[in-house]
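Two complexes, one shared chain (chain A), two partners (chain B, chain C).
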Partner chain A sequence: MKFNLRIPIIVLFLLYLFVPFISIIFWSIARGWRFPELLPTSYSLRAFEIAIDPSGDIVQGVITSTLIALVVGVSATLIGSFAGRAIAMHNFRLKKSFQFLVLAPLIVPGLAVTMGIQILFIRYGLVDTVLGVCLAHLIPTVPYVVMIMTGTFANFDRAYEEQGQVLGASRLTVVRKVTIPMVIPGLSVSFLFAFVISWSEYILTLLVGGGSIKTLPLVLFSFLRGSDLPLVGAASIVFMIPPLILLRFTSKYLVGRSSSMTGLGSV
Partner chain B sequence: MGVETKRATPTTFPVREKRIRVLWLILPTLLVLGILFLGGFFFGVLQSFGLFSVVVDDSSGVSLDAYRAALASEKVRAGLALTFRIAVLATVLSTIIALILAISISRTKRFQKLIISLTQFNIPIPHVVAATAILLTFSQSGIISRVSNAIGLTEGTSDFPIITNDPSGFGILLSFLWKEIPFMCILILGALRGPVTALDETAKTLGASYSYRLRKVIIPYIFPSILSGTIIVFAFTFGSFEVPFILGQPYPPMLSVATYEFYTDRDLVNRPIAMALATLTSLSIAFLVLIYMRVTRRETRKK
Partner chain C sequence: MSSGVSAVNIKKNFGDNEVLKDINLDVKEGELVSILGSSGCGKTTLLRIVAGLEYASSGDVYFGNELQNNISVEKRSIAMVFQKALLFPNMTIAENIAFSLRAKGEKVENLKKRVDEMLELVRLPGFSNRRPGELSGGQEQRVSLARSLIRNPKVLLLDEPLSALDANLRVEMRTFIREIHDNFKMTTLFVTHDQEEAMAISDRIAFMDSGVLEQLGVPESFVSAPESAKVGKFFGCKNLLEGKLQNGKFTIKGLELNTEEHLTRSRVIAAIRQEDLSLSEIGVPDSFAAQIIDWQFVGSRVLVRCDVIADGGGPTVFVEVDRFEDLSRSAKIFIKYSPRRIHLITSKDSN
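Now for the complex of A and B:
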């Protein structure tokens, strides 16, 4: 290719990615942004004042969502890492079936599973509870963790652990001082994925939480039904911040020499 | 998952103890997915056959009425066609565009780090926000319409084409692409940084041109990653609910939205229909993915 197309392709792509952010930001601070106006003629922080009202829907939604996403992020990362290690480092009977079970939730839509599970959740009093919502969120998150951690443990050399054991470290010390530091990139990306999937989940929360567990996506949906676009903009911005903060700390593991995304490339 | 590892130093645990160790490792995942996922799916299927129904007497036994009703519905058929079309388009377009982008980015020396971090930027953005952003940008009174009005391309809101909440689902597609192109791009960039770099260097030293290396070394090597990515994207876009709920139209609805409507209908007779639709959706995705894997595996083996 003599004629260099690379730059225009990349620029066009970045425009596509960022113009929608610009419209969200302008809407959040606009005061009556009527049609032909290219940019809002007057600005106001009204939407953000509503957003930070401690008893308002957004703050309450942030609290509920953070609690659920933290619980789900930590538990899914723990649960899935063990399985990732088993798949990458051990051979066992029915391994293929187990791997199939891990991949199946990526294929079967969450809606299908949740509608079916509601009957069980009703029986055991889990509907309309935070615990029930957290349990439901484990379904789409654990498979991602298993895949990412399988990729991580595939490059893991057990000799380091044995070295530690030979030198007299206890099992716990080996895990703490050898294993975890070695797989921390995978663990971080797993937590990022699990947290973000749980944080963004709408339909599972709506069905299991019965509308009484109001996470941020439910709040945003109720704003979308209204016509207060500045409020929609402000809620969207609040909604994006925690995932972006997490990305800030984990991005070095997404694309790197030891990219933790490779686990996702091995379905 | 083709991850097989062979260790030079076999552990000294007796076989039995090793088996128990493996069981402990997989048990938590087995419990979560076995009870919650399989249980949920299983009870959904049972309900689609008219069992555990809230309104109809169980004793009438298994019936296929819900499936008949679902397949007879004009809305469902139109929805299936739309869902299939959008999922295929989203998968194919995001893969091709992401591949071109990833190769362009990996060949760009200046600002490469910045471009990659900008590309990563919207991976963690929730789909609900993505759909909202697309709505605010591409609707008839959105920012694109305002720009095109200002430069005289279109006049007023109604002159601008209906992109969001349109019957062909263009807005839904735009939202999927907005999320999935960066996802695929980062996945491919990750694969490009892998062991393929050494192979590529060797080929380069041996005098192979870039386009030759691209065809014979790079793309065949990252192909498995691309395949996995396409499966994730296809299954996700086929079953996704939030995006079509925000950017779709009442008719034809995407399958997930139609399912939800049957499920939340005041008339509880429609619940088994929702379950039947959900089962059919899962089976369609599984079937399509299986065929796809068959075909692509055969193709990769040929190479």
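Now for the complex of A and C:
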């Protein structure tokens, strides 16, 4: 019989992806789990009770993180879309330099830049504020949006907008009824990326937020420094839920016919 | 209500590139005028300026007596159909057709009925709920036309709407466009690079070359009376002979032809259509001797290349004959012409 390699490879791959996840689940509900034991001997929901305490760090972290990630997701998508459209559809002086500058935050080491940002933000009173954290989060998110939207707009035929105009629609109506519906895959994926990057950002939040803006990653790290591993597990699970929910609604644009990643949304 | 279109002293530069050089074009109310020319001649730019999608560097556009220069594209009473049908992919066919009525944000009476009437008009009844991707190229272009016509525009602008379709469909669609035009009594500007298409449906043709309006007239005039060698060449005139005119006699390299003119000019181009010449075994009045070089089939007809027999070698002349009749290479024959059919171009043209 011919040996089929495909299934073992898939199984190995899935194990590689999900084993850490499984151990987190066990940790979150274990009462105690010592070395030689394969599985915990007794279970408890104590960690989740702490996690869902409305005044607890985790719930507060979720609220702060969600707020920041939403603001960053929307702003980065907006800013990046304008830049992406300009790069894809117009020629202007110093275009190459502009493209490089936009993508530079992906190349330059983040920590080095963050130090500079912190000094700058202290000067303008932006440290320890939600606004400051949001602004800082735009740095690693906008480049991704620009990349995605450049591809999206490169496949968008401007003639559709002209067709809208010659049919009597104003610029705004054209954008609302013609352009946005046609680039919605790119916009959705951009928002997903920006949201997820902002959601899991640690170092920028720590330095700019100065510890007083406690997003979920900060809460998670403080738990890690303690020794309550069930609580770390519960926090990790909470941490994973929002991106997964978002992925559920945008995944159709990530793969398949209307993909904005491969076919780049050529409608 | 339709209105005429006037383009007055239109100039357009893209950087240092002069795309339109002082164009004057007057289209009468209810007239269908084709703007014809090869790619890059500026015809589409001119249409886009009339539409308001592009602004002229100088010059004015009028619809009737109304100056349009400062009216933005969405406020002009136009409808434009492009080469691609450009149906909005996120809308159904009915939503596409209703687009211009809904774009204003007002409530429209009998919207559904009007959309259905339009679908009826373009012979696609029952297509309301289809999606753009489900239609063929010709159907899409008809929806695009319906989407434009529902606005009741004063001016219909067509930018090569048929060039993406295959040959048979093109012929069918151009007749259809002419019918629609006659039905709506609209003023229509039709941009095309296909001279056959322009000849078939236009009241008048505006022929453009390198940003210049070379000739404006009824289709027939481009064949019988080209105003420049460029026009003659574009409309398939094979014999454009440059020579002298002496008391109405045209001379070139030992060949002398009788014309109906009585002028004298030192430089003139004789445009003689190949189908206006015929071959003859014997010398008759208004004929000259020539030698057959070769021939090729043009559809069902034959285009024969001949050298005029003259001292020092005469010019080459093309004759189109009905059928292949005993032609043989190097045979000596006579070419018969009609003085009436020799069109003399005496203008500044230097080509």
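Note that in this section the second predicted complex is superposed on the first by the 256 of 267 C-alpha atoms of A that agree within 3 Å, B and C clash if a C-alpha of one lies under 4 Å from a C-alpha of the other, contacts with A are read in each partner's own complex, and residues count from 1 in each chain.
Rule of thumb we're sticking to: a residue touches a chain if its C-beta (ideal position, glycine included) is under 8 Å from a C-beta of that chain, and two chains touch if they have at least 3 such contacts.
Predicted model only: the values in this text are computed from it and were never measured.
**Q** Contacts for A:Gly80 in the overlay, against chain B (first) and chain C (second): which applies, first, second, both or neither?
**A** In the superposition, A:Gly80 touches chain B alone.
**Q** Just to be sure I read the superposition right, which of the two partners does A:Gly168 touch: chain B = first, chain C = second, or both, or neither?
**A** second
**Q** Quick check for you: in the superposed arrangement, does A:Ile119 touch first (chain B), second (chain C), both or neither?
**A** The answer is first: A:Ile119 touches chain B but not chain C.
**Q** Which partner, once the models are overlaid, touches more of chain A's residues, chain C or chain B?
**A** After superposition, B is the partner touching more of chain A.
**Q** Looking at the overlay, does A:Lys177 come into contact with chain B only (first), chain C only (second), both, or neither?
**A** second
**Q** Does the superposition put A:Tyr160 against chain B (first), chain C (second), both, or neither?
**A** In the superposed model, A:Tyr160 contacts chain C only, not chain B.
**Q** Identify the partner contact of A:Val142: answer first if only chain B is touched, second if only chain C is, both if each is, neither if none is.
**A** Once the two structures are laid over each other on A, A:Val142 reaches chain B alone.
**Q** Starting from the residues of chain A touching chain B, keep only those that also touch chain C in the other complex, and list them.
**A** Overlap of chain B and chain C footprints on chain A: residues 159, 162, 267.
**Q** Would you pull the chain C residues touching chain A in the complex into a rising list?
**A** Going by the criterion above, the answer is residues 51, 53, 73-75, 78-80, 82, 84, 86, 88-90, 99-100, 103-105, 147-148, 151, 157.
**Q** Please name which positions on chain A make contact with chain C in the complex.
**A** Interface residues on chain A, with respect to chain C: 157, 159-160, 162-170, 173, 177-178, 181-182, 267.
**Q** Would you pull the chain B residues touching chain A in the complex into a rising list?
**A** 1-3, 5, 7, 9, 11, 18-19, 21-22, 24-30, 32-34, 36-47, 52, 97, 100-101, 104-105, 107-108, 115-130, 132-134, 136-137, 141-144, 146-147, 149-150, 156-157, 178, 181-182, 186-187, 189-191, 193-194, 224-229, 231-232, 235-236, 238-242, 246, 256, 259-260, 263, 274-275, 278-279, 281-282, 285-286, 289
**Q** Flag every residue of chain A that touches chain B in the complex, lowest number first.
**A** Residues of chain A touching chain B: 5-7, 9-10, 13-14, 16-24, 26-27, 35-38, 78-80, 82-83, 85-90, 92, 98-99, 101-117, 119-120, 135-136, 138-139, 142-143, 146-147, 150-151, 154, 158-159, 162, 192, 196, 199-200, 202-203, 217, 220-221, 224, 229, 232-233, 236, 239-240, 243-244, 246-247, 251, 254-257, 259, 261-262, 264-267.
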